[in-house]
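So the structure is just underneath, and the comments pick up after that.
As written, the chain order gives the labels A, B, C and D, with residue 1 at the start of each chain.
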């Protein structure tokens, strides 16, 4: 295991300490492992929190700040945080107008957030929650854990955070978040596996001429293992199932998000973006906004994911709104 | 070789096409492989250009835009661009007030920029140049190629670009760039090698328990190969030789830049930043500004570099000035 | 002979020690069809439990179980944290304030724990989860608790193992393993494996009691 | 028998073909003490040269060499682009407008090319660069050009090889290999190796001329 770490058990704490050291103007750290916007809570405004296992940096802690998240809970690597964290985060950002929980659809995340919401509500804080489940690699079914929450989460946090910043109320913020969820679809792939620090060995093994299509963000194996292909073929394999969903049609404006999994350099992401742009152009779908970079990662995994979000005017306006966080910043 | 690419020979062209597709609001592409700020040239203002081999993304193309570079020349992977490129870039950004060439100190870069400057001057454009040579891993000697230009380049491009944006003249811009160069020092290391696409095999081999200390940004072997160490030990190994230079003293304000080499995820960079912060604090050196992320990379190499820049008021002001490029953005 | 708080604490201690031993094996199972952390999660949680165990002994087995459950909820995370946490919490609630437990009371508490797990995780039989080891183990206890206690515990451990192995060929329908669809077949479920270790620990620690 | 433009073009074509064959070997040498692109760079440049070669044949050997040099400068990049580019440019300038070259004129042009390389790259002997193969090759030609032309070319190629190998044990002091300091010893210099191929190609293509 080749990583820039000290003790495997200390990675999350030390990375959080580094984040607060670097971004003390934006963030503060609260026990247990919760990054809170420095000036939270804001009286009269909805608080927006999220959280999940660590190893996906900059998500979620890198999105705490003005116009995005008010707090983020960092679990152990690839392990949902515990309810104590979401409860602490909820209380820290509660300005009396309620708190939205943005939850990625994983069994653990759902259950831990649920427990926290029960506790917070018992203490008098109004909590609403939206579950992000945008990964088309997974069959959508009532009888399974359902689709995973992946790239759409980043977009939801930005758009919803902007609405909360502008003073939208809890119902409006929740409805907007649900609309982002309903209009976002993602698909990812991996060229290499990743190693959970405390495990010490790669989660799976891929030989030199193989890749995993339909991978999640926790090193969980994908939909299928196939022979290595070119960037253009891979872009096709990711975009095709997204378009098959029937959410995106000729004439639509979308936000296209080409994400790196952590070990893939930017030069390759732009090679992929070029092809995604070409595919969508040929379908008469306009990329009105885009995001290219490693924003929701899987430790040092090499690979990429594509997320498309069908934009409406309100979403576009909130996407463009000022944001100032460690990882996303514009307009300020 | 596991990469998101099509033909190895087409990587640079396709990545540039992707960049322009994604950032057409900021950039345009000119032959041969030159990214130019969309609204260049600016009459009466100094143009600032840089360039170098590809494989270091986002440097340099990701730094073209308002308040940073006016143009960037993308060479083949790890190979300095050809003079035709620097000449085209120089002409594209020439607003009558002269053009600054920011050159990383590599034999090839120096010679190709020199040829281009001769040609541009013959065509009537005033050209000044500053050579960045901040890598303390290399002995500084008149009798060799001298120190490499690494992380300090990113900081110089930001600070100098802001000065040019504000209308500083060529002499002032050049002097400022030289001051950044003189006050910046860097040191890097690698956990893994990288593979030049056209070569197809890793530039060097490291076994599972080894790392290279004093690595450059082209996969060139480092100062020494040692046993794998912890993040804290590595931070020490990088910061110690920088501090030995005698540039940084108790009471100084510095910009600390913890950079990822391309294959290292952000979580690890924050673990390193935490220790760098601790080391400097113990020395009475204040980190007044910081930058944490993968900004000058070596393809998919895993590893990190640390750059320290001794700040003065002017540098700090230009660092804080608005910038809007694909990779760095604030204040706008 | 009824089961005392220290008896139960001893069983939990043994479970924690076994989890530490099986940490890497459990993690490897989770690498195959999950995200490679089940052993790490369980070990982290039970390290915390064992560290606090001496302070949990003052108020009877119900309070012990509740505190174990809360500690797990606060330290494990993931799917197994709320599930095992709820299991022990509900066991504690079922035990009430009794100072000691007859075997039949322990079995009733285990049943309450199981119901809590099902309520929280909504797993049905053959979803290939910890429930597929937990339910047969508790059912075995329920039918045999009237007889020899040692044999009852042995049959529970055996039923857990059988349940765990019975679902190995199935397609997972809950938790991360469900993302794999058909590819999850043939892999042993990590949670069913840790549950089996729980019932083995109960056997090894409590069989000698009465 | 003097050397014509097509003769020289044939030599350059052979050099380009050899570079394509040796592309990976040159790159491997550069991986050891540089950045692993020398073969790729030279091959890219000479692919471009060979593609345009037919259009370079109209105006005598001087114009041919100049155009080869300009093409290399525009396509190679790195250290070797300006260096080899300058080499051919200066050769072309030295040849002037002559339609054909006596061997002694070619040797004088090679000397001018070498001076250009030294001026541009500032390498001194034993810096472990292409100059350490180029200089002895040209010196060998200068002493032997009055005699048998075939033997003169053979001695140049041999001197290039010797020069290349002589500096292998040395510490590099120019180019990227200099970053390695002591670690550069024992490695053969990529640029000295491509220069050796140049002189071998001149021998193989031009020895049969006169």
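Please note the rule applied: contacts are C-beta pairs under 8 Å (C-beta built on N, C-alpha and C of every residue); 3 or more make two chains touch, one makes a residue touch a chain.
If you're wondering where the values come from, they're calculated on a predicted model, not measured in any experiment.
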Partition of the remaining chains by touching, absent chain B: A, C | D
Centre distance in Å when chain A and chain B are each reduced to the mean of their C-alpha atoms: 29
Interchain centroid distance [CA atoms averaged], chain B/chain D, Å: 32
Chain C-chain D separation of Cα centroids, rounded to whole Å: 75
Between chain B and chain C, centroid-to-centroid distance (C-alpha), Å: 55
Topology of the chain contact graph, where touching chains are joined (line, ring, star, complete, other): line
Complete list of chain pairs which touch one another: A-B, A-C, B-D
Sites on chain D touched by chain B in the complex: 24, 27, 31-37, 40-41, 44, 73-83, 120-121, 173-176, 178-181, 183
Partner chain D, residues of chain B touching it in the complex: 53, 75-84, 106-108, 111-112, 114-115, 137-139, 143-145, 148, 196, 198-199, 201, 203-204, 216, 218-221, 223
Chain A contact footprint on chain B (complex, rising order): 2-6, 11, 14-19, 21-22, 54-55, 57-58, 62, 191-192, 208, 211, 228, 230-232, 234, 262-274, 277, 290, 292, 294, 297, 299-300, 302-304, 324, 326-327, 329-332
